[in-house]
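Since the structure comes first, as structure tokens, the remarks are kept for the end.
Chain nomenclature is as follows: A, B, C and D, assigned in order of appearance, with residue numbering initiated at 1 for each chain independently.
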Amino acid sequence: MSVEAAQPADFAQPSYLDSGHTIRSWLLTTDHKRIAMMFLASITFWFFIGGMAATLVRLSLATPDGLLQPDIFNRAFTMHGIIMVWLFLIPSIPATLGNFFVPIMIGAHDLAFPRLNLLSLYVFNLSGLVVLYAVLLGGVDTGWYFYTPYSTLYSNSYVFAAAMAIFINGYSSILTGLNFVVTVHKLRAPGMTWSRLPLFVWAIYAVSVVMLLATPALAMDMILLGADRIMGLGMFDPSRGGDPLLWQHMFWFYSHPAVYIMILPGMGVVSEVISCYSRRPIFGYGGMATSMMAIAVLGFFVWAHHMFTAGISIYSAVVFSLMSFVVGVPSAIKVFNWTVSLHKGSIIFDAPMIYAIGFILLFTIGGLTGLMLATLAVDIHVHDTYFVVAHFHYIMVGGAVSAFFAGLHYWWPKITGRLYPEAVARFTALLTFVGFNVTFFPQFVLGYLGMPRRYYAYPPQWQSWNVLSSAGASILAVAYALPLFYLGWSLLYGKRAGPNPWGATGLEWTTPSPPPEHNFAVTPVVTLGPYSYDPEDGSYRTQDGTHYAL
Amino acid sequence: MPSEYTVEPHIQYASLEHQGDSAQDCMWVFLATETVFFGAIIFTYFLYRVFYSAEFDVAGKDAVFWCGSVNIGILLTSSLTMVLAVNSGAQGRRRAMIWWLIATMALGFIFMAVKGYEYYQDFTDRVVPAVNFLMKPEEAPAGELFWDFYWIATALHAIHLTIGLALIAYVLLWRIRRGEITPEYYQPLEVIAIYWSFVDTVWLFLYPSIYLLGRS
Amino acid sequence: MYHWMPFWPRTAANTGHAINSLFVAELALSLAVLAMVVGMIASFGFVYRRGSAASRADLTKKTWHFEIGWTSATFLLFLVAFIWGSYVYIWAYQTPPGNLEIYVVAKQFMWKFEHPGGQREIDTLHVPAGQSIRLVLASEDVIHALYIPAFRLQRDVIPGTYETLWFKAERPGTYRLECAEFCGTQHAHMDGAVIVMPPPDYARWLAERGIHESLAEQGEKLFRARGCSGCHGANSTVHAPSLVGVYGTLVHLQDGTVRRADEKYLRECILNPRSFTVAGYPPVMPDFSGQLSEDDLIELIAYIRSLNSQNAGSAP
Amino acid sequence: MAVSLSLDLPVGAVVKLNLEVDARKAGPALFVIAWAFLLVLTGISIWTAFLGLGSWAAVLEYGIAAVQTGILFTFFMRLKGPPSVKWVFAGSGFFWLSVLIGYSFLDYATRSGWPWHG
């Protein structure tokens, strides 16, 4: 589907891609769109580095004895965790699509603090380089969660460098979050009230709140870990009065909300995509926005469900379990609302929609198994097994990465001015879904059978499940590599896209594709809420009030 | 001394006031993150204080009481001079603003000097974990945790204060010299003043934790 | 009970059955929800595909009553799962005194089990079926987790403190035992076996291992060798609290604290006595941190416990 | 001086404290008074430390620190006033911090072996 329309005639400004072709004009830019593109390039790079580590892990687990040396295996899964969490998933949607589209969607000419935005990019890549430095020195073998006292006293690896990388990375998150919060508060176009914000903007706003308030606790935790590690302090050393569980409390105070940092932007993207491709308003806009904020806030009350077997008190375990169920409620609302948003739509199964539906299904599975893990007694059994691994990959890979691809395809014409090839994209979307399930569903079974995480070797009776999982991973690898090729191809040979190829309603579709340097020639005036689609006659209104008949 | 220089708002802002308000919002959001950051280490302190109150009482008596107490006075006074600088700036009294800022910086340096002397005292008292530490029998084994907290918290506070000093220097030497701080647009100074007072706030909580609890 | 299910692991303890039922109930609920979501997506996707003839008129405008509806429905279901799960968890994790108490010491890449009779074994745990077994878990280095999938039981082993775990094994057999918390290079090989035996076999096995000194007897020797008896003994002139019958009681400390004298408390008292000065006694005990191994501590505590079963008059 | 501590007591007896400080209008007296108040509070805090109040001293001293923070935020950092949601930002930091501390202590305080001071 594509709507042919001429670029607005009064627009003579060059697009952001053409407003300077020197390397300097990119590296020192303050244009949020260029920074978003550089973030996209960075996280793509880290995604494939993290993917290589995952490949090593899955390859090694194809045989019961493990193909890799234990030390190398341990370093591989640690690298996979650290890179995927901090260098890919956390910034994946906010720093790329969020960076690009939040200002445009609220009708602003840029983010509130463009230079902080650029700084965030460089801080992010600096942290990536420090991670690489740790890898080149010899790697880290503690797991991405650095449990003390193993990480402080016993590990023979480069924990300090990795901890500092994560500390630095936190500043990137904080700067990005800071920018979004102030931008959404201060730079909305006239008429863009809170109740007219697109759900994607709500999602990014919610995520920024989480980033801002969770990250500092991790930063302090990392400082204490680093001090323990290199100066030999005893903050977490039980033999000197420290409490190893204190590390876990402060770590999970960040790292559980971090899961919401990864999934909330995905929820925003999927809301946009579902509404656009079913050509009807999203079901329950208010409920969707509220539930995203509710997830952001409630997400801070559940962290110790990572510690149910770790010796926390039974009373607090019960409280944390209850809160974990409570945070499931807004997620359940969202799943139902998305599903019902298909009702009486006029549904188009293009690639973004396939990714989005895949997201709903995988997120539902991930969420339901999450409830099992939140159930105290079940967690006694499946804690730290592959059941947990499968669960959070359903959320973070099945959920967040699918949503990332949904958003990337959906906004690709706006970002580049070119259409991606639809048929191969649909095929890739389906392949992702299949490959993902083949990879991770066996891990639920393995987990319930009792295979713990982070095992480089396992009893032979579990081999068939592991081989199945590794085979699925190779499908998944192909499905994740394909967009690199066809999206790259479309950059040069794709059909040119008009300003609004999908007939969508957000303000970003009222500006040319690709947008000019400051997004709008004239600050738009918003007269409508988002998603003014009419499924009966197929017409729609963009948020500035223009009516289009399809 | 009104300046010829006029500041234009950046493209994304409707007016200078809009831009200044956003900058203030930005600083407050940042301070929320700082609250959690410093709060997290004060939390570890609370925890160990409750675990090991007797040991911490013993360890805390070695903290150099007068240094901390003088420093809280210095910081509170520097907050006053800072706010007076903003006040002067906002009302166009440029010379007063400059002098108040210099006073603030001077107080900041005095704080650092006292702090430096205190660190020296701590070193001779052998209460520097990992470097020069002697565990007194009545504070074993947890007294060291008190000093871990002391060093990390005060060092981070000192780093924040140094950043504050650098920011004031920047405003003095760059923004004010070029006449960019005017009654119409004094927010760069205001934002730094907010930050400065927040660093002061942190000390308000570190002070009783380190110097007061367990004194009697 | 659920062995008709495909790929179902063996279940060999009371805790296992409780957790199985809960898991199966949640699995059924999850499948129902998933089926509903898949069904809705598939049917809407088919009926309302673009170009289909289905009517799109009268779009639901008021959505809040639907939302309230499924919010409360999911919340109530969640509440049931929460209460059930918490109930089982509290039952499984609140350790009652067992018929048999076994001490476990974890250290990097091996498990050591110490039976009350003094029998020690590495990576293999022999237990009698049908009796409630209480494990006291200690770690010498990092955090480990004792995990027995067939019992559906797992508990982290935290250095610097004791954790406890209990179960009643039902079916004789050999079951896998694993470390579930990443603990270093050979984490994957920190595994072993739980061998559940009928009680007579277990007694025979204990006998075959040779009757050494019991843990308590070894502890008594240590008690004298380390000079504990000099103050805590019956004939001591030093004013120190008697340890006879202290295990399991409530102890009033100098700072107003009241503590239950369990293994955790005794351990902390030995290692860091100044924080645990008993009300009315002078703080004169030297601290033993760094001087006693986890094994020593276990023996001493076993000895102190054994004083409970003796007559209060015949104190050492 | 733009601080108007207006105590409106309408029918509903709502106490309204308008603590808006505008740097463009405020005179130095207000700030000097606030500063003197801060120093006096510090003095009280130090005084309580030597009274032998036990754990009450901690409550008092942190309470005083909180009051001092309030004064700093209101007068020296001009928390109230445009842009108007600043207090939400400032408060959220403290709220989330209280979540971290409160929930962690919920665990520690209910563990077996927690020192119950009674």
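Worth a mention:
Just so we're on the same page, contacts are C-beta pairs under 8 Å (C-beta built on N, C-alpha and C of every residue); 3 or more make two chains touch, one makes a residue touch a chain.
Note that the structure is a prediction, hence the values are computed from the model and not measured.
More C-beta pairs touch across the A-C interface than across any other pair of chains.
Legend note: the chain whose CA centroid lies nearest the centroid of all displayed protein CA atoms is A.
Chain centres here are Cα means. That of subunit A falls 36 Å from that of subunit C. Here the CA centre of subunit C is 44 Å from the CA centre of subunit D.
Averaging C-alpha coordinates per chain places the centre of subunit B 46 Å away from that of subunit C.
Touching of two or more other chains is recorded for residues 21-22, 25, 29, 32-36, 40, 43, 47, 51-52, 55, 141-142 of subunit B.
Residue positions of subunit C touching 2 or more other chains: 161, 255, 272, 289.
Across the assembly, subunit D contributes residues 83, 85, 89, 92-93, 96, 100, 104, 108, 112, 115 that each touch 2 or more other chains. If you check the complex, the residues on subunit B that touch subunit A are 10-13, 18, 21-22, 25-26, 29-30, 32-38, 40-41, 43-44, 47-48, 51-52, 55, 129-131, 141-142, 144-145, 148, 152, 156. By the touch criterion stated above, subunit C contacts subunit B in their complex at residues 255, 272, 274-275, 287, 289. Listing the residues of subunit A that touch subunit C in their complex gives 66, 70-71, 74, 141-143, 147, 149-150, 153-155, 238-239, 241, 243-245, 278-281, 283-284, 286-287, 308-311, 314, 317-318, 321-322, 325-326, 328-329, 332-333, 335-337, 339-340, 342-349, 357, 360-361, 364-365, 368-369, 371-372, 374-381, 383-385, 445, 448-450, 452-459, 535-536.
Taken in their complex, subunit C has these residues touching subunit A: 7, 9, 15, 18-19, 22-23, 26-27, 29-30, 33-34, 37-38, 40-41, 44-45, 48-51, 54-60, 63-64, 66-67, 70-71, 74-75, 78-79, 81-82, 84-90, 92-94, 108, 141-143, 145, 147, 149-150, 152-156, 158-161, 163, 176, 178-189, 272, 289-290. By the touch rule above, subunit D contacts subunit A in their complex via residues 83, 85, 89, 92-93, 96, 99-100, 103-104, 106-112.
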